[in-house]
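Quick heads-up: structures coming right below.
The same subunit A turns up in both complexes below, where it pairs with subunit B and then with subunit C.
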Partner chain A sequence: MSIFSRYAMDHGDNRALDSAQSVWSEQGDRHHLGTGPLLVVEGLHTGFELQSRTLKAVDGVSFSLDYGKTLAVVGESGSGKTVLCRSIMGLLPRSGVRTSGRVVLAGKDLNQLSPKELHKEWGRNVSMILQDPMTSLNPTVKIGRQIAESARWHLQLDRHQARRRSIDLLESVGIPSPEAALGRYPHQLSGGLRQRVAIASALACDPLLVLADEPTTALDVTIQAQILNLLDAEQAKRRMAMILITHDLGIVAGRADETMVMYAGRVVEKAPTRKLFFSPRMPYTRGLFDSLPRIHNPSHTLLPVIPGRPPDLASLGEGCSFEPRCSSAQPRCRTEAPPLVSGEDPEHLFACWYPVAAGTSAATSPMGAVGPVSS
Partner chain B sequence: MKIIQRLAALLVVLLLVSFLSYLLTNLLPGNPAIDILGPSATKAGIAAVEHQLHLNRPLLVRYLDWLGAVLHGNLGRSYHTNQPVSQALAQRLPVTVELLFLSQVISLVIAIPLGVLSALRPGRKLDQMVGAGSLAFLSVPPYTLAVLFVLVFAVKLKVFPATGYVPFTQSPLPNLRDMVLPAITLALGTTAVYVRVLRAEMIATLQENFIVMARAKGLPTWYILIRHALRPSSFALVTVAGLNVGTLIGGAFLIESVFSLPGIGLLTLQSVYSHDFLVVQGVVVVVAAAYVLVNFLVDALYLVIDPRTRHAAASS
Partner chain C sequence: MIDSVPESDTVSSGEPSPNDAVLCVEDLVVEFPVGRRKLHAVSGVTFQVGEGETLGIVGESGCGKSSTGRAIMQLPRPTSGKVIFEGRDLVAIGQKDLRDVRPRLQMIFQDPISSLNPRQRVSDIVGGPIDNHGLPSGVSVTKASRDDRVATFLETVGLDPASTMSRRPHEFSGGQCQRINIARALILEPRLVICDEPVSALDVSIQAQIINLLEDMKNRYGLSLLFISHDLAVVKNVSDRVAVMYLGKLVEVAGADEIYSRPMHPYTVALLAAVPEPDPDRPPSPEIGLRGDLPSPIDPPSGCRFRTRCPYVQDLCSEQEPPLVQVTPGHRVACHFPMGK
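Entry: the complex of A and B
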């Protein structure tokens, strides 16, 4: 990095940067400026105010994510994953929603920023990929504009530069004949290609952090792998951090550095992915793994299921929210909510009074179902 | 193929409308011959005029005669002035078209920002005010407003003339001055409808995922509203505007008579009073054709608004 570009970056002068020959490598360096934690979330609470009570969708979530790393957030539908994602960005509407806690991205507390300052972070430093590429792209706006608009806005690119960047991005996410694709509308592309376009638009300003909210749920299995590999490759190339939200444990293996399991708006277990997979401690996590189908089982084997349904978030009791469905629940679980603490391994946090014994799940490890952990 | 079908439908509509209006005007009590000759008409005189104007022939025969002439481009002549109907229309039509055009421009210029802004924060102060205001304007008939406006702006404040008309080609500015009050009066009713229609559709659009996505890109609100939300929200607006043309022409007839603007509305009223049927027929044909054509254009506009319909149209 030249002294000039370092100066430009420190002073936020992106126009100087974009006039430089190699836009990508120069901007990629922004990601080296920080080491250690990029995102720190502390005591994040998000409640939706109903008529008489508050629905606690995110209930005291804390974690941190280092530059360039991936955190997977796993949980059932309604466990608060998507709301967590929107709360981190600050995208939720202001009326009827109560948010507290700290979300610090690259040293800036997003909850303290004015709306205008926050808009400068969105798309520039943190961007988002949504679940359904059919609805996350505007059907009436050409693809070229949808990809480049955040870059045009945040980096003040002119029409020509924006076009070049769109072509680069489309090429990078593997869209055939990118120049022709610029003039197309979303409905003219298949679901997989649309998700690639959505990814390209999320990457347009080379963000520090990408929030991928179930990016492959709406896609065919074969396309899922392609999209995940693409995200992996882009992440490595751009050294960006990612929060991968999913309900599919198979996606997490081998892709996330850390995995966080959510239940009823709380983090119930958090560990480096490999450790969590080999030795889940929280009975809920264990239940999730047990409910995966296994290739070695004979056909028509009934899958073990977690009985019951997730609790009503508006009327949570005193105790552990998983207690009503937990097979190893004790009287204490009903009266006292377990804190998220570590056992023998300081990296492995779980919220359970009576955890599954460490290392007992090797035999039923889901690795058999999803393949070896490659990282 | 589709266009040919539509044109065939247009012809059928015009045929039906012209026949019905022929029937209705002839069922009106009174006799054009008496109008022409005055109160001192003799029986023999009336018979002579009726013979001259072919009024003594059966209705269906007269209609078919008229239709045959129309197909040759001849709309007939006024019973009273003997002026060709097409000439009368050519004189009067620009006035009405200008009135309709101005009123729609005013209407949309007011309705689009108000609809968009009230959709942005539904239930808040601006939305409530706009909602109450449009309800008020919807409930007051335009002719009441017209009289009220004349009273306030022309008689009391003397800002705009109450009546009068100068052609735009003669002197543009006085022409616009004459047109302001009638155009605003006509615009208010439709503005209220447009605001409500646009607001409802806009609120739905703003819930869409692609709007969340646009917000997550850090784009400014005005940009999202104009670039991302307005176009997908304008279907109902365009549809209603197209269907409204009929109501609007009816409204224009009233407004023209209140402000005595020499448009086709005033022409029609005068012709109906004096049983000048061929002129009425001419107006009906022109208005019906305009209505069908405008809605034809509205359909074409869908293709512009939503690229998906373009695709469907091309593949069908």
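Entry: the complex of A and C
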């Protein structure tokens, strides 16, 4: 517990520092002091109450994220990655949703905060970048006001300071002629520029943690590369931590320090990104890698596929949720859910009774034309 | 400037000659009115799809790839140009003749769920084309022969006919709905299927299943495919030849392996560089040379349409539009200064 109080102290000190100095000196020294875990999630469960049963969207997720690091959360739709993100933020409605577990950000348990206290965290310490910038920006409010809003509220800037900060932010996210852009509405910008504005507004108060939920899925590839590079640069400059939620393994490689694979609401594998890519242990992760169409494949390559489809979260069985689709499933998998544990390598966690042998590279495996072809 | 190879010696490269192509698109133009102005969705596109060939069309959103696909289907009819299918120009023929052609020209859409009528049962969705057009063999349809055929096709696309026939689309997942769409498109044994982003809405593990299914169907029924997608890796995996579109124009056309190993148009090069590769040892795409965003198709740039974003732009590019010329056999590029040349 002592580490948490220490970070809380550091954090408090920083706040004092912030208000003492010019608050909007771009980065301040605020993030220099943090080392060790910034975010600790412990036993997070989120369930949606249906008429007769509970749909377990997030089922016992625990992890921690250090200051300034990037964690990628990879999974298919319905794997719980977005609900995990919203549970961390505390953005889910209170009725019909059951949440338990701890989400400790810089020493504060967000799940224990009142809505009012939570508002003070949003934008200030933790902010979010959503998939579709057209829906995450308010279409009726000019861009300048949308960006400045959180800075004015959290940092008590006056209008001129807020305006200057907005211009600085827009400039740093690469918006051409930022002063003119302040007076525009979101619909007047292209998708890529809108996402840059959304990033600027997420960064407005220099948060400690940014949750990026599929930030480039709605964008074209050339724009996607620009936005990801921008996020990388801003993250390095501001030393903020990031959780990058995506379904695309391609954008994770080389960008995330650690990668966590989710399946049916659970974390099934978590490892430093290189290790996960070069030696996936969970058959699901391995299957995902194998089924990716690669650009080096000759035309008409038959892709090895994972048969079947993800399970219905409302009727999960006792055992491993991947068991029905797994080629190496054994009787034990049906009756007992494997815990997330490490093998020989303490950094590499996986939830599987019969893991893929270590060292069988997926990232470089020759994608032959052979492989199981389902249905 | 480049020396263009004379048009006549095309054939050696696998590029179909107009005679043995299933589909010839000539100078296709699609424009939509926007107030008093015009949005130039497709501006003079020419290509062929050979018998049994898969032609991939790639490009970013707004490049006109879907408009091209729909214009071939005559949904809606293009502004001008020719779409020659089975020796007939679909743009010139009337609705009634078009109806005769439709059984052999089918389409699969991006969103598998919304392209199915939610109120119909699967047997009616997949059997619908038979009810409208009869059996491809011309034999008169009976209830039994219809249901038989529906069941056969559901089975070929990997669905269990007994349990699916009487259910409705909402009871299926996205991947299963796409299988139903494929069964519906194939039941009349078409020659050409236009696939407009058929796997973009699907999850990674399902995407591979559908790609493999399309390949399997293509081989089994001898189909020609026009495969439209924004995903270069997917296109590479299914196509024999690839055409790259930018702002309503074809900028490069070549064999799939050729275009990926020796791209010549700066836009193709940038597109390929931007593809995220799941390989941690390959550094994430460096700042690629593309500046800014796609210009508005209402007011496209003069000369080369790519010039506003091209890192190698020269004066000539704004003055003269580069024609799509053959640079090496089967490899066409629309650029005044193609790369690697």
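Criterion: the second predicted complex is superposed on the first by the 331 of 375 C-alpha atoms of A that agree within 3 Å, B and C clash if a C-alpha of one lies under 4 Å from a C-alpha of the other, contacts with A are read in each partner's own complex, and residues count from 1 in each chain.
Convention: contacts are C-beta pairs under 8 Å (C-beta built on N, C-alpha and C of every residue); 3 or more make two chains touch, one makes a residue touch a chain.
Here the structure is a predicted model, which means the values were calculated and not measured.
In the overlay built on the shared chain, the residue A:225 is in contact with subunit C alone; subunit B does not reach it. In the superposition on chain A, A:51 makes contact with neither subunit B nor subunit C. When the shared chain is aligned, no partner comes close enough to touch A:35: not subunit B, not subunit C.
Residue contacts after overlaying the shared chain place A:153 against subunit B, while subunit C stays out of touching range. Of the two partner chains, subunit B is the only one touched by A:91; subunit C is not.
Of the two partner chains placed by the overlay, only subunit B lies in contact with A:137; subunit C stays clear of it.
Which of subunit B and subunit C touches more residues of subunit A is settled by the count: it is C. Contacts of A:122 after superposition on the shared chain: subunit B is touched, whereas subunit C is not.
In the superposition on chain A, A:310 contacts subunit C only, with no contact to subunit B. Overlap of the subunit B and subunit C interfaces on subunit A: none, as no residue is touched by both. Interface of subunit B with subunit A (complex): residues 208-210, 212-220, 223, 227-228, 231-232, 305-308, 311.
The touching residues of subunit A, when paired with subunit B in their complex, are 89, 91, 119-124, 127-128, 130, 132, 135-141, 145, 149-150, 153-154, 185, 187-188, 198, 201, 204. On subunit C, the positions that touch subunit A within their shared complex are 54, 60-61, 158, 173, 175-176, 203-209, 211-212, 215-216, 230-234, 236-240, 256-257, 260, 270-288, 290, 292-294. On the subunit A side of its complex with subunit C, the touching residues are 76-77, 176, 190-193, 220-226, 228-229, 232, 247-255, 273-274, 277-278, 287-289, 291-295, 297-307, 309-310, 363-364, 373-375.
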